[in-house]
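Structure provided below as structure tokens; questions to follow.
Just so it is clear, A, B, C and D label the chains in written order, and each chain counts residues from 1 on its own.
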Amino acid sequence: MDKTVDSLATAVARVEDGMVVMIGGFGGAGAPIELIHALIDRFVATGSPGKLTVVNNNAGNGRIGIAAMIDAGMVAKMVCSFPRSSDPRAFTERYQAGEIALELVPQGTLAERIRAGGAGIPAFYTPSSYGTDLAVGKPVAEFDGRMYVQERWLKADVALIKAELADRQGNLTYRKAARNFSPLMAAAAGFTVVQATRVVEPGSIDAEQVITPGLFVDAIVEVANPQQEEALIRAGVAYP
Amino acid sequence: MSTRLSNAQIAWRAAQDIEDGAYVNLGIGFPEMVARFQPPGRQAIFHTENGILNFGEAPPEGEEDWDLINAGKRAVTLRPGAAFFHHADSFAMVRGGHLDVAILGTYEVAENGDLANWSTGPKGVPAVGGAMDLVHGAKRVAVITDHVTKDGRPKLVQRCSLPLTGVGCVTRVYTSLAVIDIENQRFVLREKLPQLSLDELQAMTGAELVVPDSIGALIAPEI
Amino acid sequence: MDKTVDSLATAVARVEDGMVVMIGGFGGAGAPIELIHALIDRFVATGSPGKLTVVNNNAGNGRIGIAAMIDAGMVAKMVCSFPRSSDPRAFTERYQAGEIALELVPQGTLAERIRAGGAGIPAFYTPSSYGTDLAVGKPVAEFDGRMYVQERWLKADVALIKAELADRQGNLTYRKAARNFSPLMAAAAGFTVVQATRVVEPGSIDAEQVITPGLFVDAIVEVANPQQEEALIRAGVAYP
Amino acid sequence: MSTRLSNAQIAWRAAQDIEDGAYVNLGIGFPEMVARFQPPGRQAIFHTENGILNFGEAPPEGEEDWDLINAGKRAVTLRPGAAFFHHADSFAMVRGGHLDVAILGTYEVAENGDLANWSTGPKGVPAVGGAMDLVHGAKRVAVITDHVTKDGRPKLVQRCSLPLTGVGCVTRVYTSLAVIDIENQRFVLREKLPQLSLDELQAMTGAELVVPDSIGALIAPEI
């Protein structure tokens, strides 16, 4: 079994119009810039995939990555906790023009909903957001004298994530805080695409140190020197 | 030619349907035997509830590491690409539908897909283990079993009489006499032993068999 | 900060009559035999702690560990998925005599309930056990056309677990499949006691390889050559 | 002596209540300053929502590793005993009550413990981040804030007028003028600037202050 593919274009080929796409990363840590830009390339060339719902903690920064997807007009809706960044103009402009929808989710609830999607838990209760505007319309229940909000799982058609090491079976490690949402998204998506800084043979990653087991991974492309979102933004880079 | 398949032959037959690279959980006991019969050129990846993916066969006697066991508490080994994880992550794999196939033993299986494989009733100490999770876990939940009980009663029934493990969860049954799919709450015959007539098979089955125009011959090698 | 204590007796001193005690391990892998036996020693000497509710996947095996706790008469109730083993007589005898209660929980539900206890999720829905005897009396709900059972979190007063490495701040690693329930129990207990095969200085465990972060751990005792439950049972050992 | 504490002095005062070995989450921005003022001999362990426990101060400029950042997306370093984990595990620590203290900034805090610190109303792009989880996460949820807004209105109020972050969650408020506990849905004064009269303090507070027989002097060093 070998889940590697030989190009970024092949890796992202499963993304189609109207899909829900989870994209790993928190700030610049873990953002799969090359996968995102491959998706933009296809959209620029073919007009597809568009009308996407993108799930990420943020809503893009600067003129690259998710912000560049929004600028390109590929994104119909963002599901995120914090649609602000050092340079949030891509989302802000579209949002204020009514051209992009926003589902705002508390960060811990977002993480848990994605985790639930991967774990086959259709709904759970959390104290977060109880009594606030973000709980309006959601079922509430009392447990042991305290009130909680019912939240639903969150799944995706495709996840795009960035790993440090990947073996050919899809076992992954991450680099430092680049882990963040990626292991959860890998489990919550029907098809999980990984850009790995290095692809190794099965057995090269100690079984104790695997963070995402291979059964959550469907396609792997090696990107040996990945770009760092934060560095690109600080350099003022725009994509394409 | 015997009038029924041996357990090894039933396990062999079930193994033929497992694709290369499939993620598979085999129930404790008889189903574990399926791992022995992977067709040449195919390699399934086995999951065990207690937190290992891609474990291999038992080590030689005397070389067991009792921190490296499967859900049946038997010593196993690791294959390249193995991973450890905790119990909640392990059952996230199960419940989240990330396994391709789960193969379980059973006391009874009903034409509506209900499975009863954890309790023979109120006597004794009840024990369920991971069975109730596994039946909802895999894309395909298959059962391997003798076609009838030791005293000759059908194990494939209209409705289970024993306490259920899961509702409407089984999609295929491999027995000592036949391969049967469960579709639209009916038993649909796919293969049977060639020497067995349809009437004979129906007589040993506790619910009506739907017989399509074309059915296959269930032939297993001598093992 | 140094969470190490100098004796097994000190390590288990927090366990009191009537408490809920989670005990790590699945089969012999991860069973904290020395911690359990230290608890038995105290019970034999003082008559306390008794009337315990013990949470473990099984209900003891042979005449050591949890089986020895049951034999000693310390356990009022077991919460487990599989109260059978190669030698289940300790539990079986007491259960059939009506001297010990049993809460039987499907294994995946047990794991998820403990995980929920640690994660502040008071209730969640699972397909497991729907329509079976083990769901009787529990709320059910339909999500996306499928039926689910509502399950509650499971917490403990104290958890007793076995780790491979522990640094003095409580960061832990486990050995192979000895991991099983232990990281979940460490999070779900008010006070988590660890027996570690080796205690090391903070910084000795790579931050990427920590399985249980130290904030879940309260007391650590080094047990340099821990006994293996399976080996003890095969040798026919009885405790005390 | 100034008539109010500086932000650094408020942060200093909040830091005095953090015990050695405490697990602490500091909100983005002003609350991050609390980490600078740990009393000698005490070492708190800092948690950040994006999956690090026991991170340390920022690296020198030019030595940032942008895979090693805190929830405010600022570069940090690791201290011995650090650990990485994914976002669900990180918020399990928060929601599960495993943090000893969370210290947050605020727009308003009410005498019933309600907190409003995420939205100034329907204008602009709403953003909540981890605030709604953190307010339910720690054993002790404290707020640091100026006592009044820039245009002189009380930030400590009877009921919040802005969208809530959490209901009844705050237990202590450190302001530029006082230290106030929230008990039984009342503001209970614990310390105030010595040069400030009770009447002056009450006049700048939007709900009644309960004044116990003994209150302390809020004195912070020049920083």
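Convention: a contact is a pair of C-beta atoms (placed from the backbone, for glycine too) under 8 Å apart; a residue touches a chain by one contact, two chains touch by 3 or more.
Just so it is clear, the model here is predicted, and its values are computed rather than measured.
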item	value
Between B-C and A-B, the pair joined by more C-beta contacts	B-C
Chain at maximum distance from chain B, centres defined as averaged CA atoms	D
Chain centre separation in whole Å, for chain D relative to chain C (CA means)	36
Computed distance of Cα centres, chain D from chain A, in Å	30
Multi-chain contact sites of chain A, meaning residues that touch two or more partners	112, 115, 119-121, 126-127, 174, 176, 207-208
Chain D: positions in contact with at least two other chains	52, 84-85, 88, 91, 94-95, 136-137
Every chain pair in contact, whichever chains are involved	A-B, A-C, A-D, B-C, C-D
Residue ranges of chain C in contact with chain D within the complex	1, 115, 117-121, 167-169, 171, 187, 201-203, 207-208, 210, 213-216
Of all residues in chain B, those that touch chain A in their complex	20-21, 23, 43, 45, 47, 52-54, 78-85, 88-89, 91-99, 136-137
For the chain A and chain C complex, residues of the former touching the latter	112, 116, 119-127, 141, 143-144, 146, 148, 152, 173-174, 176, 207-209
Parts of chain A lying in touch with chain D, wherever the complex brings them together	26-30, 57, 81-86, 88, 91-92, 95-96, 102, 104-112, 114-115, 126-134, 174-184, 211, 228-231
Residue ranges of chain B in contact with chain C within the complex	48-52, 65-69, 73, 84-88, 90-91, 94-95, 114, 119, 125-133, 136-137, 163-167
